[in-house]
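Structures for review follow.
Two complexes, one shared chain (chain A), two partners (chain B, chain C).
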Partner chain A sequence: MSAPTTERSWTVRVREAGVGALPPEKLLPDSQPTYVASWIYIFGVASLASLAVIIGSGTILALKGPAWWHYTGVGHFFNSVHMWSVELFFFVMVVHLWGKYWMSAWRGGRARVWMTGAITFLVAVPCALTGYVSQQNFDAQWISTQAKDAMNSVGVGAFFNLTNFGQMYSYHVLLLPLAVVGLVVAHVLLVRRHGVVPPIELDRRVGS
Partner chain B sequence: MNPTSTAVMGAVFNLNHPAHVLHWHFISLTVSNVIVMGLMLVVFALAIALPFPGAARRRGGAS
Partner chain C sequence: MSRLGRLLHGKDDTQPWKGRYAPYDLVKEACIAIGVIALLAIVLSVLFSSPDEKPSTIAQWSKQLPINFVTTAVSELDGKSGTAEYGPPYNHESASVQHFLFLHPQRWLGVSHPINTAGDYVIGPLETIPDDPALHSAIAEYESAPEKTQKGWTEAYATPLEEYATAEEERKPLPKTVSVNAATGMVSVQAGGTGPIPTLMSAELGLAKSGGLDGSLLTSNQFFQTDYTKPLLFMADGGLLEKRAEEQHLLGEQWGMMNETGSYPGQVWLWLYTLWYQVEPFKASASGDLLVMLMMGLLSAAFICVPFIPGVRSLPRKIPIYKLIWREHYRAISPRSRA
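Coming up: the complex of A and B.
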C-alpha cells in the first residue's frame, strides 16, 4: 500500500484553505482604514473586552462555588464583577448592533458577518438568563418560577426546564458560553476576512 | 452579617422596595430598564457626534 502524498493530506488542504481565506496580513493587520477612527467603531471591541471579563470572572466563580460567592467579601466582589460585566456586555453590544444596523453593515458580501453577530446576541440572552437562575438564592428561585411560564408558552419547557438547576447550570457554564465564544470567534474572523464595513457615502463614491 | 457591615455595603440608592414600573397600554417597563435604554441612546448619539482623537490628522495624511 502506498503512503498518501503530502500534497493530498487533509492537514495540507486545511492549511491551504485557511491561509487562502485569511492570509496572515489579513488575520493580524497592522493598520485599519481611516474611517475606523470614529467612536462608533469601538463598541465591537468593547463587547469583546467585556466578554473576556465575563469568562474570567465566571471561571473563578465556577472554581470557588456558591458558598464562596454568597458569603465572602472577595466572593461578593467577583459575583458583582461577573454581573456588571454582563450588563456592560449587553449595553455595548446593543450600541454596536445599532451602529452596524444604521450603516447597513451587511453590505459588500458581509451577510455572514451580520448574521453571526445577530445570532450571538440571541444566544447571549439565554446565556444570561441561565446565569440568573444559577445564583443559588431566592432571586434565582423567583426568576426560574416566573420565566418557566414563558418557556412553556413557547413550547420549549419540556427540554429547557428553568426549575432544573443542574440543567440550567450546565447550560450556563458550558453549552451556551461555548456557543457564544464560538460565534464571536467566527464573527471576528469574518470581519478580518471582509474588512470593517466602510461608511455608506464612501461606498457610493467608490461605486460611482 | 451584622447591621454595620450591611450599612457599609448599602447601595447608593435605596433599593429596599419593589421596583418602580412604568405602564403605557400593554407595555410595562421598570424605571431602571428605562434608564439603561436611555443611556444606550445617549451613548449612541455621542459616539456619532463626538470627534475621535486624531481622526482629522489621520484623514489628512496617508491612510
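Coming up: the complex of A and C.
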C-alpha cells in the first residue's frame, strides 16, 4: 500500500506556509544589521519583558484567588509587583511607540507592524481598567461607578458591566490578556518577517 | 492581491541592507530584559508597595452619614435618584441617556441590568425583616396607596431632607426639621402628610446599620454571586463614596478617572481621555461621556492609521529625530568617515 499523498494535507500546507514566511534563521536570528544600534531598541524588548512580568505576577495572584492579596503580606507584595510591572509596561510601550513613530517604522510594507502595535496599546488600556475595577477595594468601587457612564453612553455597558466584579475579573484574567498576547505575538512575528526597519536614507527624505 | 492587501503591505521603498551584520543573541537579550524589568518592579514594590483602601459598605454609610443615607433611600423609593432616572441599561427612563446628533447608542441594547430602585433598594429588603407587624403594615399601606398618594408622602418626607442637604452643601445654618439621635443614630424628620414613610425609612436605616442591607442587595437567584451592580449604584447615589473620593483627589474635576488612592501614578495612560472632561464643550455637555468616547474612538482610529495619514506620516522625515536614533549609522556611512 502506498503512502497517502501529502499535497492536499492541511498540516503540510500550514507548515510550508509558516516556514516559507518565517524560516528559522529569520524567526530567531543570530545577527542584526549594524544600524540596529540605539537605546531606543531597548524599549521594544522592555515592553515584552514587562508583559512577561505582568503575566507571571498575575498568574500567582490568580492561583491564590482575587481576595488573597488583601489579607497577606506576600499577596500584597505580588499585587505591588503586578501593579508596577503594568506601570512599567505602559511607560516603555509609549517610549517604544514614539521611537517607532520618529523612525517611520511603517516604511517598506511594515504598516501592519505599526497597526498591530497600536492596537495592542489600545487593547491594553481596557485590560488595565478591568484590573483596577477587580481590586475589591475603594479604588474599584469608585472607578467602576464613575467609568460606567462612559461605557453605558456608547452601549457597551450591556455586555461590559464595570460594576459586575465576576464579569470584569473574567475579562481581566482571560479575555483581554488573550487579546493582548495574541496581538503581541502577531506584532513580533511581523517584525521578524519584515526585519528591523532600515534607517531613512538621507537623500530620500522628501515625501513618504 | 486585494486593494486592502496592497494598502496594508505597501510598497517597499526601503533599500535592501547590503552593509555589515553584527552578532545578536535574541534569546539572551529577552532573558536579560525580563530579569531587569522584574528587578525594577520588585524594587518599586519594596519601596512604594501598592494602594489598598478598604471598600465602603452600606452599613458604614448609614452609620457615618445617616441623613444622607435616608435622603438617598427616600429618593430611591420615590424614583428620583440618579439610578432611578438613569435609563438603559438599568431602566427605561432617560435622565442619563446621552446622544450625538440622531445617535442614541445607549438605547441600542436595551435594559440589560434591570433595577427597580423602589422594589430592589427599599421595599424588597424591608419585606425580608421578620416579626415586625408595624413595618409590614406600613409596607402594605404604601403599596396599596395610589401612585399620587405615594408621591405626596415621599415628597413631604423628602423636602426637609433636601433642604438640609442644600444647607449643608452651601455651608448655611442647618434646618432643625431634620436631626439625628446621638445615642441611636436614627434620623428624625419633622414633616406632616408623610404616611408610612417614616416607618419605612426608620426600618431601612436600621437594616442598613445592622449590615443586613449589604447582604440583601447581593441576594440573587443562585447561592454564589459576583455582581455588585445594585449595591454599587445605590452607594453611588449617596454621598459616602464621593466624600472619600474628594479626600483622595479622585473627583472628575480632579482628573479622578486616571488617579488612584494615595500618591500612586494610577492609570496615567488615560491622560488624554481625562483631558477632554476638563475642557468645553465636553465638560458642560449632558452627553459629555459619549462625546469623549467618540473623540477617543476617532483619535484611536487615527493612531492605528498613522502610516496612511498624509502629513502625519511625513512628519518624522521633516523633524529629523531619526538622525539622532541612527547617528552611529549615519556617522559610519558619511564620506568623512569613509575617507
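Here are a few things to note about the model shown:
The rule we apply is simple: the second predicted complex is superposed on the first by the 195 of 208 C-alpha atoms of A that agree within 3 Å, B and C clash if a C-alpha of one lies under 4 Å from a C-alpha of the other, contacts with A are read in each partner's own complex, and residues count from 1 in each chain.
Criterion: a residue touches a chain if its C-beta (ideal position, glycine included) is under 8 Å from a C-beta of that chain, and two chains touch if they have at least 3 such contacts.
Only a predicted model underlies this, so the values are computations on that prediction, with no experimental measurement involved.
In the superposition on chain A, no contact is made by A:63 with either chain B or chain C. Once the two complexes are laid over each other on the shared chain, residue contacts for A:95 go to chain B alone; chain C is not touched.
Once the two structures are superposed, chain B and chain C can be ranked by residues of chain A touched, with C on top.
Contacts of A:34 after superposition on the shared chain: both chain B and chain C are touched. In the superposition on chain A, contact is made by A:119 with chain C only, not with chain B. 31, 33-34, 37-38, 40, 42, 76, 87, 94, 99 are the residues of chain A that lie in the contact sets of both chain B and chain C, per the superposition on chain A.
Within the complex, the chain C residues that touch chain A are 7-15, 17, 19-27, 29-30, 33-34, 36-38, 40-42, 44-45, 48-56, 88-89, 96, 98, 105-110, 112-113, 225-229, 232-233, 235-236, 241, 244-245, 248, 250, 252, 256-257, 260-261, 264-265, 267-270, 287, 289-290, 292-294, 300, 303-308, 310, 313-314, 316-317, 319-322, 325-330, 332. Against chain C, the residues of chain A that register as touching in their complex are 28-38, 40, 42, 45-46, 48-50, 52-53, 56-57, 69-70, 76-77, 79-81, 83-85, 87-88, 90, 94, 99, 101-104, 106-112, 114-115, 118-119, 121-122, 125, 128-129, 132, 135-147, 149-150, 152-155, 157-159, 161, 163-167, 169, 195, 197-202, 204-208. Residues 9, 36, 39-40, 43-44, 46-48, 50, 52, 54-55, 58-59, 63 of chain B are the ones that touch chain A when the two sit in their complex. Every residue of chain A that touches chain B in the complex is listed here, in rising order: 31, 33-34, 37-40, 42-43, 76, 87, 91, 94-95, 98-99.
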